[in-house]
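Next come two complexes, and both contain chain A; in the first it sits with chain B, in the second with chain C.
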Partner chain A sequence: MSAVVSAHNLTKRYGGFTAVDHINFSVRPGRIVGLVGPNGAGKSTILKAILGLVSFSGELQVLGMRPDRNRARLMQEVSYISDVAALPDWIRVNQLLQLMQDIHPRFDIARTRNFLDATDIGMKQRVSTLSKGMKTQLHLALVMGVDARLLVLDEPTLGLDLIYRKKFYQQLLNEYFDEEKTILVTTHQIEEIEHILSDVLFINHGHLVLDMPVEEIASHYVQLRVAPENLQAARQLQPIHESRQLNESVMIFENLARERLQALGQARTPNLANLFVAKMEGDVHA
Partner chain B sequence: MRSFMALLRRELWEHVSLSRLLPFLLLFGFLVNLLDSINPIPIDNVNEMASNSAGTGHAAGSYESIRLDLSSIGGELYVIMLILVLIYALDALFKERKDKSILFWKSLPVTDTAIVLSKLVTAVVTIPLIVYVTVVALQVLTWLMLGLSVGDTPYALAPLWEYLNLPHFWIGFFFQEVKLMLWLFPLVGWLLLCSAWAGKSPATWAFMLPLLLVFIDSAFRLHTGLDKLLFDRLFIGVFFPGSAGTAGRDEVEDLEDFMRVIDSLMTSELDNLMHYLSRPDVLGGLVVGGIFIALAILIRRRRGDESNALLPIGA
Partner chain C sequence: MADIQWREDQPIYIQIRERLVSMILDGRLSPGDALPSVRSIATDLQVNPLTAMKAYQSLVDEAVVEKRRGRGMFCLEGAREKLLNMERQRFLEQEWPHIRQRIENLGLNVKELMETGKGDKDQ
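Right after this comes the complex of A and B.
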């Protein structure tokens, strides 16, 4: 099956500043891909390139189209939630639905209404009267109504409380996602989404530092809580990252056999948050 | 086409004051007419008007008074329309960036061209149309209330209608509006361009830049004629679109002249409009306006990426 997104030498420069530097990646259909990086890493620029909002050099194909030349056509098959501030404040909910129905050829107003019926959002309410959480729900409801092949989420839960954040991702998984849809999500709060991701792209200073399916992480990375007497031996194996936790050293190793490490301490697969820190702090581009 | 109509409807939803203009002004007109009806026109005057063109004596005075009342409805709303169009165009492409909703609109399958054109059409078609309907409705209301307030008889409506010749006025006003929008097209284009371009204050770009250019022209005695061009475009052509810039402006010395000019404008017909369209200053304005609009589309196409260093962020 062909890639939903494929980038080859994707580069974006703003004057003398290179925001994205010759990166290559592809996103397969039916996956939930996390594009993760610290602030200013270039993740939003990549998303904007995918959405046709910026020009770029290199090759970028989204659903077989070059996004900067086919944005309007592409948006028939791509949905996008940036953050809660993006919905216009002046519009009423029913007007928004009507507008979507008239503009979007793949929008099913009944689906969105069904979703909204389960919320506290009134059809005649103006967006300005909704709380941040309700705005996110409304935006999600609109996305639910669109039969899109790719959903792009750019920090969609920024500024929301924990309950709404959890609810957002639960609804996304239970009521939206299926094997025919692909989700690309950026966040710098990786712990919040790591349980739903099928692939991760770590980006730092415009470079990809990790591009891997989540199920393969266990075979490439090991986190080791090192016994004090084995500290020197462990360090000789060149961990990519070392930190101190409760007077113990915790190291992360890349491409080393788990059996070999188990002799030196307690080995396990690092969670994405720890792996992210390890890759960022060990990034040669930093 | 369906999506373009939806975009036009969106503009009315967003600028809700536009759709409320008609009922608001109708209510206002009703109240003003109600006050006027305290001193009704004598029925004799109306009958005199009916039998003798403008009537004589008191009848002539009443006739002119009514005509002026009805003309002033058109004139006042004409000015309101100008203000509405200018404010709207200046804000149209700026507001969506200010409230960040541009990212939402860009997530819809609509081209930047369609978005900008929907705002252009709102400025040069929808707003004038709303004002036109409002003028017609207000004049009908005034005619009805004036007619019904004459003495204690309702039979003054027909002679009043015959005298006021409102359809004649409406045709003239319609063509005047069309000419005005053709004349203002480059200005609307310029305001939309500033609205798409400016980072903080479109008004600063829209008004200060031309003023600066005029100042430079004057200070260095470049004699480019920019000041006259702007003056003609913004004042003479706006209020005398049938004779923009040259003939007619010096002839308006008293009320009688003004009424004559208004009369001549009101009697504009389609061939008159075609003649107007063939004028070099009108055609040139359309070309310049078209260039401004094209630039506004190009700039909006690059919006949504506000970190782009090539575009002004804090301008």
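Right after this comes the complex of A and C.
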């Protein structure tokens, strides 16, 4: 199957500042891809380029189209939820649904109503009276109605309480996602989405520092709790990261055989948060 | 909405598999019964559907469950016996050596241990 998103030497400069620097990646259909990086790493710029909101140099194809040239066509099949609640405060829910039906050729109002029926959101409520969590649900309801092939989520759960955050991802998995859909999501709360991701893209200073299916991480990275007597031997194997935990050293190794490391301490696969810290602190571009 | 605690020492698909296996072993699932759908596992446990699928695939490979087109996964005849054998094998090869080592390290007497256990139960 062809890629949903493919970028080749994707670059974005703002004046003298290079936000995204010759990035290459592709996103396959049926995947949930996490785009993870610190503030200012270039995440939002990449999302904006994919959505056709900024110009760029290099090549970028989304569903086989150039987003900056085919934006209207592309938006029929791409949905987007941003961290900034972009719905007008004064509009009522039923008016919003009507508006969507009038302007979006693929919007199915019944699907959105069905979804909203299971929430506490009233059809006559104004957006201004909805809590932040409810606004996110309303966004999600509109996304359900569009049934887009690609869903782009930019910090979708920022500022939501724990219950709404969990509900958000549950509804996404249960009612939206299937093998023909693709989700691209950015978040700071990597622990929260770790297990629903199929792939991760780590980005720092406009460069990709990791592009890998989650299930392959275990064959490339090992986190080792090093026994004190083996400290020197372990350091000689050049860990990409070392941290101290209660008088013990915890190291992360890249592309070294697990069997070799097991002799030096307790080996396991690092979780995404630990791997992220290791890759960021060890990034040569930093 | 129970919170899911995953252990870090095993891939998640293995842990999902363990849950399914224990459902079959303790008789909550019998031959012919439908297993939960991939979607419901993914939603309930908040994991990628591919991860849930992988857990099922390993059970399909071992002929413990089968996929019926358009209807989902079903528990096969003889699944419990098969899993019981595999689990016993796994216990003896992987867990028992550690337990045995621990018993020896602590200077416990296996015979007494088993008998004291029984003694406690009888009282």
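Assume the second predicted complex is superposed on the first by the 285 of 286 C-alpha atoms of A that agree within 3 Å, B and C clash if a C-alpha of one lies under 4 Å from a C-alpha of the other, contacts with A are read in each partner's own complex, and residues count from 1 in each chain.
Going forward, a contact is a pair of C-beta atoms (placed from the backbone, for glycine too) under 8 Å apart; a residue touches a chain by one contact, two chains touch by 3 or more.
All of these numbers come straight from a predicted model, not from anything done at the bench.
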item: Touched partner set for A:54, first chain B, second chain C, both or neither; value: first
item: Partner chain(s) touched by A:268 [first = chain B, second = chain C, both, neither]; value: second
item: Partner chain(s) touched by A:136 [first = chain B, second = chain C, both, neither]; value: neither
item: Which of chain B and chain C A:187 touches, first, second, both or neither; value: neither
item: If touched residues of chain A are counted for chain B and for chain C, the larger one; value: B
item: Complex interface listing, chain A residues touching chain C; value: 32, 163, 166-167, 169-170, 173-174, 177-179, 195-198, 214-215, 218, 268-269, 271
item: Complex contact set, residues of chain A against chain B; value: 14-15, 17, 19, 45, 48, 51, 53-55, 71-76, 78-82, 85-92, 95, 98-100, 102-105
item: Residues of chain C defined as touching chain A within the complex; value: 1, 6, 8-9, 11-12, 39-40, 42-51, 54
item: Of chain B, residues touching chain A in the complex; value: 2-3, 5-7, 9-10, 13-14, 16, 96, 99-101, 103-111, 114, 302, 304-305, 307-310
